[in-house]
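What follows is a set of structures to go through.
In the two complexes that follow, chain A is the common piece, with chain B as its partner first and chain C second.
Now for the complex of A and B:
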């Protein structure tokens, strides 16, 4: 058994940050639309490949490609909602869940047909790929950027949800859609902005995910389980819950490496999900009886 | 056998094997209302159990610890029981906590993935990633010696369809029996069923175990047909395909399940090879096929969420 090292905690924090970006997006969307959108994973894949196409294939600078990707995926997310999910919004939650499974199946095979199963990597500028030694821990510029990005996103999200009209409308609708509609909040508008925001976060998260590893058409299918786990552990519909859930999932994954085979990281994350569900079915910050 | 006949036999065999899986999943989801997105856990447990119970002692290149050399039929039945225990073990804690159908789906999904990762990483269980080869080779050699490839293919089909018909009959009896009626009552309103004195958790766990048993039996037959098992046989896509087939055909209707399985896993997966294609298209054909399947699922859910052949609501005649 390897000795305890601070590095594992740092790696856990980085994993948690990557998951958290997407977890916040998924949980906001699940809170408003009242179902688990499994095809969110494919939006993540789209984000990664969009950044790849802009920055590698078309040689845009990376920091121009990322915002463009966020816009592209946000539009795709809204488009997906309009074509598939909005017409079915009065169905049962399980119908929507299975439909999103179908969308996920459709898109991941479309990505395979388009990009093949070849593994690709993003080119990142030197200042991101350089390693820095802080104490005993070696981390890259990318890692630092991702952790910083999560902190900034959380602060912006807090301001948006607390101070702006759209944010307040989102919180109200997630709490009680009927009551929110009675007070004059337009649910269509709230849903539109939520899917837009969730899509942008999927694009950003997918890019981060690709920067810490590699690109392949099934990357979204692989990560959606971890995102879903962190959302459920944290409490569906609550962005701070998603942060907490991502922390639990990321930490348990990286800390488990000290005790067991690293190949079982994924299994540990799911075990954490199952245990968390049994101890607190509504999640850390969730409401009882929601989804 | 060539051409169309061989094709028909392949479709029929696949439909029969996955039809058994579909029946098991239908017991859990269609009648029990319990979403099992990780149904491949039972299927895989059946495959691996049958493998380890039929193969001989490990050879020089093998890492697995133990092979029992049992006869095939016994190994398949044991696979069914192990699968039933695995399925129930994954679902029981979640059912006990009373989680919603969606969360149960997530837990079963996670359970299947945990099982697959463990089997892939631990070499001493069943060789890890490369898997075990030569499963059921004794039976295959015997069949080839006595009648060649055609005889073997026909035999596998006959076994699979006999098991399918048996499973179908048993589950139809189960559905009409008081047991099945209580399970459907729990699906409709678990509080009301509990108030009538039924032990909801017990019925749910038993239903999960029954469904798991049939998925495991199917896994056992499938692994003998394939002759090899790897963790990739347990990828989530397998669960998805079965779930899609059940929902497309009609949850809560065993005929609907048969229809769904034949259309999706049989005809659509196998039939596209007869379409005129160029090399470019042939390369992406598997993906196009699955896209068509996914599109069909979304359309069915949109316009006919109860499936093509919906559940027959029983009417009590006074």
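Now for the complex of A and C:
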């Protein structure tokens, strides 16, 4: 059995950060739209391939490709809502869940037809791929960038939700859509900004995933399970819950390798999900009966 | 007048339908094309195997149909894509068996073979598996299936003997959780431990993880001098850069049991692959038909490069065509019975369909020798094989060792 090393905690933090970016987006969307959007994984895939297309195919600098990707996926997210989910907004959560599953399959196969089955890697500048030894822990520039990005995103999100009108409207709508509407909050406007933000985070998350691993057209179909686990563990609808859930999932995965074969890491993530729900069914920071 | 035209029209329609039916009789008798099902992954993460098979089939069809085909009928290949998935293999096999009513089948690969093998055998289908090394096929081929590709049981011996010949006594094992990789791992590990080797690292890799840093750290901590490995491109794309980040990549020899010597894998791992010392095995082409095959391949597919799998596919399709000729019909049971007869040994050696079919028509017993190997099936429907050990030199895979059938038999007898 491997000995305890601080490195495993650091790696857990990095894994959690990659999951958290996507988890925050998914949970914001779920909080406003009141359903679990399985096709969010395809927005993540779109993000990864958008960054790949801009930075590798069209030779944009990576740090230009990333914000452009966020815009592209944000627009795609809003478009998806307007064309598919908004017309069904009065349906119950189950109908929307199944609809999102259908959208997921459709987009996944569309991506497969467009980009083929090849596994690709995102080329990153040397300063990101280079290793750095901090104490006994060796991490890459990409790892540091992702953790820093999540800290910055969390701070900006906090400021937005606490200090801006849109943010306050989002919180109010997530807490009680009926009451929010009575107080004059425009639910369409809130929905628009939420899907926009969730899409941008999906684009960023897909890019981060591609930077630490790979991209292939059907990656989103599988990643959504991990993102979903972190969202449910944290409590659906609460962005800070998604952060906490990602932390639980990421840490449990990486720390588990000290005790069991790493091949079971994903099983550990879902075991953590089950245990967390047994202890607190609504999730760490979730509301009872949210969905 | 109208009535006459109507009758004439109906008569023409009936004649056209009869002609259409007679033109394509699938697996039955008659004089149309003979359908052979080619069930392989033409898309998905092991599509390189399907691409190789496709090239081999193209070369075989040129030989077979150029010589008039078995029983004077052309072979028509029906390619079904497994998409590298079991469900795709099941869909493809069902279509080939039930809709296309093919006379014989080839494929699929180790990853999906067990999802369709029973179905193929229940159909009494003449079946040659050209690209599947799974050790589980050593004893499960049954009465209608044959395999002209060396078993992974041999691959285990190949890897272990090579590692020991290179002086390694300690090794690690890093395989992904795929069924194929785990099957190979069990064989290699058993061969390694039976031969007295020490295992210092044994980890499996799950797919679709946000990070492989923890696994890479374990590799760095143990740093075994050689690691036996097999994994899909997506797992490799995340794992090897993580090992590189730990700074131990140049110190370790990665000995791939399979799946690494193709463009999909190299592209997935990217520049990191050039930082690694990577070796792998390839079934060597020792068949007497090798030179003829290479010339045909260069003529027919000038822009393609012959790989590991294509000569096996070519040999498999030719042996099926020869068996149909020897059987004298497309009756499945007769074709199955004829496969070991035409593959030899014991008859007059011949190297192409064109030369072999002439001998059969003269009443001469034949021994078809393939481009990849001698195509001599044992009582389990398997063949033995010899191997090359190849190393990535930054631009290509260079042969560094050769292991003959005798070398392997001797090693297996000792252990």
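Points to keep in mind about this one:
The definition used in the following text is that the second predicted complex is superposed on the first by the 291 of 291 C-alpha atoms of A that agree within 3 Å, B and C clash if a C-alpha of one lies under 4 Å from a C-alpha of the other, contacts with A are read in each partner's own complex, and residues count from 1 in each chain.
By definition in this document, a residue touches a chain if its C-beta (ideal position, glycine included) is under 8 Å from a C-beta of that chain, and two chains touch if they have at least 3 such contacts.
Note that the coordinates shown come from a computational prediction; the quantities given were computed from them, not determined experimentally.
Once both complexes are superposed on chain A, the partners chain B and chain C clash.
In the superposed model, A:117 makes contact with chain C only, not with chain B. When the two complexes are overlaid on their common chain A, residue A:216 makes contact with chain C while staying clear of chain B.
Of the two partner chains placed by superposition, A:45 touches none, neither chain B nor chain C. By the touch criterion stated above, A:91 is placed in contact with chain B alone, chain C being left untouched.
By the touch criterion defined above, A:238 lies against neither chain B nor chain C after alignment on the C-alpha atoms of chain A.
Legend: residue contacts after superposition of the two complexes on their common chain; A:253 is shown touching chain C, with no touch to chain B.
Legend: residue contacts after superposition of the two complexes on their common chain; A:8 is shown touching chain C, with no touch to chain B. With both structures placed on the common chain, the touch criterion links A:263 to chain B and to chain C. Put simply, of the chain B stretches 23-31, 185-193 or 221-229, the part that bumps into chain C is 221-229. Looking at chain A, you'll find residues 112, 261, 263-264, 266 touch chain B in one structure and chain C in the other. Interface residues of chain A facing chain C in the complex, by the touch rule stated above, are 2, 5, 7-8, 11, 14-15, 18-19, 112, 116-121, 123, 129, 131, 138-140, 143, 209, 212-214, 216, 219, 222-223, 226, 250, 253-254, 257, 261-266. Every residue of chain C that touches chain A in the complex is listed here, in rising order: 43-45, 47, 83-84, 176-177, 202-215, 217-218, 220-221, 232-234, 237-238, 241, 244-247, 264, 267-270.
Only residues 35-36, 84, 87-88, 91-95, 97-99, 101-103, 105-106, 109-110, 112-113, 221, 225, 228-229, 232, 261, 263-264, 266-267, 270-271, 273-274, 277-278, 281, 291 of chain A touch chain B when the two sit together in their complex. On the side of chain B, the complex with chain A involves touching residues 35, 37, 93-94, 96-103, 105-107, 109-111, 113-114, 117-118, 120-122, 236-237, 240, 243-244, 247, 284, 286-288, 290-291, 293-295, 297-298, 301-302, 305.
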